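In the two assemblies presented below, chain A is common to both, partnered first by chain B and then by chain C.
This part shows the complex of A and B:
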């Protein structure tokens, strides 16, 4: 429910035929869009456009990680069956490289440019969102686990519900750095704890 | 000679009176404006050449073309990323009109969401909408406006390619072969390959390839290497009625 509402608010509401899908801009049907353009200025624009589409697509589907080896998730994004054109992995890498420069994405350092986090929201934004949720829900007096934030009952209706572990960790780093919260080691990632300081409200 | 001078003075005075009298029509009625421009042109007076001077102040035409010029620049620059700064004149006009019309639509949108708040809004909207319906423009207006941009050194110019007028917003000289190829592409659904050119224009392969590659380098064309032979596309000729192609970074991104 809230997903549909927020999509409408983002101007990404769908025509009935595409109710579950994502509406691509028409350049997605432009055959040369799937060839890495050899002219530098054209390539810059092409990379920008792809970056924008990727961000919108990932936000629409609440996706966080772009995985070059997971062809299923990105099936619609990079493979246009209507015009029989496909973006090759090298081209996707080049596009993500450009996104990284702008701070819109980050390669998983261990993945040799096969996996990247797409930041359709910045850790700073998530940090603000999570800390206001904590204070508004009166959860600031106890220690919360990462699991409770990302998958707990209390956060079910929040945008950060099911947030990607890497993004959550980055978000917590921001909060700790700002002195808004402190984290506590847990047995595993989900049992990591976080305590918000009242003064940070 | 003296007689001629006095005749000219009389004529000029009449023209001024006429212009003063019809100032509103000149600004609001595109057909009237065009006739007035032609009349002035016939006697060697160009109200636009002096947009900040005598005629401009008298008529306010300067403001009209100034505003239009800004809108044309806006349209051309916001789409340059894709079309390399070359766009059909009719498309420029359509987008400028939409830009002017958009203001209506936005306000209409507001008026429906604000219906409950009563008549004040509706009235204000009516006033704004009726004002904007008089903002119609003609191709002639666009052409004149582009001419007024020329002294700015912005490189804005109108090129005749085939039977189409194209607005170029990048300082450039298209060579003959490039122009001929762009004219051909209009007839081949916005894309060509070397073979098409050889067949349709009777050129040798080398010459065809050179023309295409230079158009590619000038970012007027995009290449599709997943087609065999490689297909060269002019984005400006690809579904020009679909604006979203150019607008992926606009409103939807706001939140």
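This part shows the complex of A and C:
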């Protein structure tokens, strides 16, 4: 509460919530927010703020991949029509670079910094979430396809429903490394299989 | 050394010059001695049109002295040999002849005796007199004015104490002398010559004190006017006024003097064709006067004699060697100095000064102009208030004339530069007195006037080797108040413009300005040259405006703006009256300190308070 009050004291107007229910913080209406700040300390603060907003936005909308060419998402997030300001692609790249440094994002190695995965939840967290779901629903010791985890009927109400393939792969890598599960090659990514062993055994 | 007087210095240890005085050359590392103690071993010597000034390098406040050029009667040049520096020896006039201020001013020009030109003496004697209020029209006049600037009535006698020794001619005797024919005046001149030779006090006695004068009877209506009036107070008729007559006579005599080179007869031997057999120095003088054969004005003539006599008497008392002083040029420059000194001595500007004064009277002595015009056009004679009004009108006309003449061509402007500055000062003084100061126009006009005003700019010709040092000093004197008004910082470009504008004609190059500014620190002047990261050069006052202070001021200014409003360099520049380039640099400085942040958009670069640092996620 006190933090909201102190932010409000800075005198920026609050944008109305989006149709999706997401509410941008009022700093989103601050014109310099859309200019890459040349002063190092100011820039660090600015990049932190952007990283936080991007992660909040992606979490709210269950988005995983940031694509500089995906105009639909970028229009909402990086373009503020109210104050007529737009974050330039270079600035977005610089912000993602900062996020990558902190482990909050990862560039798609083949995209030449056009696409990045935003880890609004770390693979370790996803791993814990998925494995606990598997054990709770008694699916351990049986083989599940990636498709069943990400898009199956059983996981419909789960947070990882529609999880991005890359994120899912990262999560599985974590589980395999821990020795909790084993993966099986499939014809394509969605047919890849995974078997969870008995927990903690 | 006893003839050298202490001189006034400016805050940057440059000499304060008289009006009309101009620096001819400057030379540093000059020693000054008269064969005895070396009290003045090393300093900067300035040669002006009137004086030689010595400013000590080590102790400028106490050891700065000046010698009027008129006291020099000879110059010897020694070009130096082996380790001996080049020297210039100045031979001075006898001591007692100039010990008395009254007779020293007589030495320059014998007009000292005529009241009309006493103002010149006031200006020469380097004293600033208090201003006085006219008893007739209550106009407040400058102390140097002998007459009221508006109505022409003379200054009250009690404030003229310094000049009361000057004999004031008897109006009646004067009118008598003017009525005399040419041959008569010659005789009378000789007669009065003898009178003055035999008894100098009689010569002084010729003039009766004006306090005792009963007043001038108007030739038209017989009204007894105040002796100071030039026109009848009742009917406006021209009075046979002592001053105006004396003034005219004096100008004629001065003209003759310029032809006959009268002062040179002091040193020259007597002319061979001597008709009078008294055989004294006075004979040669009276001969010189006789041969010129013009109108003589007795009191001035007699005082001239008195002075010569006293000069002769003193020669026995003062030792010969004290009458010369040596300038030792350790860093060269003696040749140039010698040439210019000779030129200055030959020019005898102090002799022509009264003439200049008359020409300039439209600005400095309006009453003289009024007097002249009144004499030139005697057909219109109005007394009382309308007379005063007309005088004011005449002054206005004269001022207009000066202005139009000044702008006729560049040469004219250069000639009139000093007058223009004097005029600007007069107008700004008048504006300061009047109560219309609140109008914006007046304020603007006043700033224009004030921005004119370097009367004797430092040039490469006059300053020579020390040009940049002198320039730096002049610059600081001129620019310091302006920089303070502008908030402590001004870009070099702005300074270049303002400074050159004030100099008027002797413009300097950007390089010279830059070089001069780089010397601020060495000369221990209160300004500093500073280079911003962007390459912008500025002049700053010392200490008062640190970077931190400027940054926090800007940050506060931005915080006080309505939320969401930023500040551009242009807005900042106009808000605190600095140049845009400087404003931009100050904003960038504040930004680099993390106090503000930028917003680049199609509308340009705006700066905002740094909310990123304050925002809590």
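Convention: the second predicted complex is superposed on the first by the 178 of 201 C-alpha atoms of A that agree within 3 Å, B and C clash if a C-alpha of one lies under 4 Å from a C-alpha of the other, contacts with A are read in each partner's own complex, and residues count from 1 in each chain.
Basically, a residue touches a chain if its C-beta (ideal position, glycine included) is under 8 Å from a C-beta of that chain, and two chains touch if they have at least 3 such contacts.
Nothing here was measured: the structure is a model prediction, and the numbers come from that model.
After overlaying the two complexes on the shared chain, residue contacts for A:141 are found with neither chain B nor chain C.
Within the superposed three-chain model, A:85 lies in touch with chain B and with chain C [touch as defined at top]. In the superposition on chain A, A:188 makes contact with neither chain B nor chain C. Applying the stated contact rule after C-alpha superposition, one finds that A:110 touches neither chain B nor chain C. Using the contact criterion defined above for the overlaid structures, shared-chain residue A:45 touches chain B and also reaches chain C.
When the two complexes are laid over each other on chain A, chain A has residues 10-12, 25, 27, 29-35, 37-39, 41-42, 45-46, 48-49, 52, 84-85 in contact with both chain B and chain C. On the side of chain C, the complex with chain A involves touching residues 563-564, 566, 591-594, 597-601, 606, 608-617. Those residues of chain A that touch chain C in the complex are listed here as 3, 6-7, 10-13, 25, 27, 29-35, 37-39, 41-42, 45-46, 48-49, 52, 84-85. Those residues of chain A that touch chain B in the complex are listed here as 9-12, 25-27, 29-35, 37-39, 41-42, 45-46, 48-49, 52-53, 56, 84-86. Chain B makes touch with chain A in their complex at residues 81-82, 84, 191, 216-219, 222-227, 231, 233, 235, 238-239, 242, 244-245, 247-249, 251-255.
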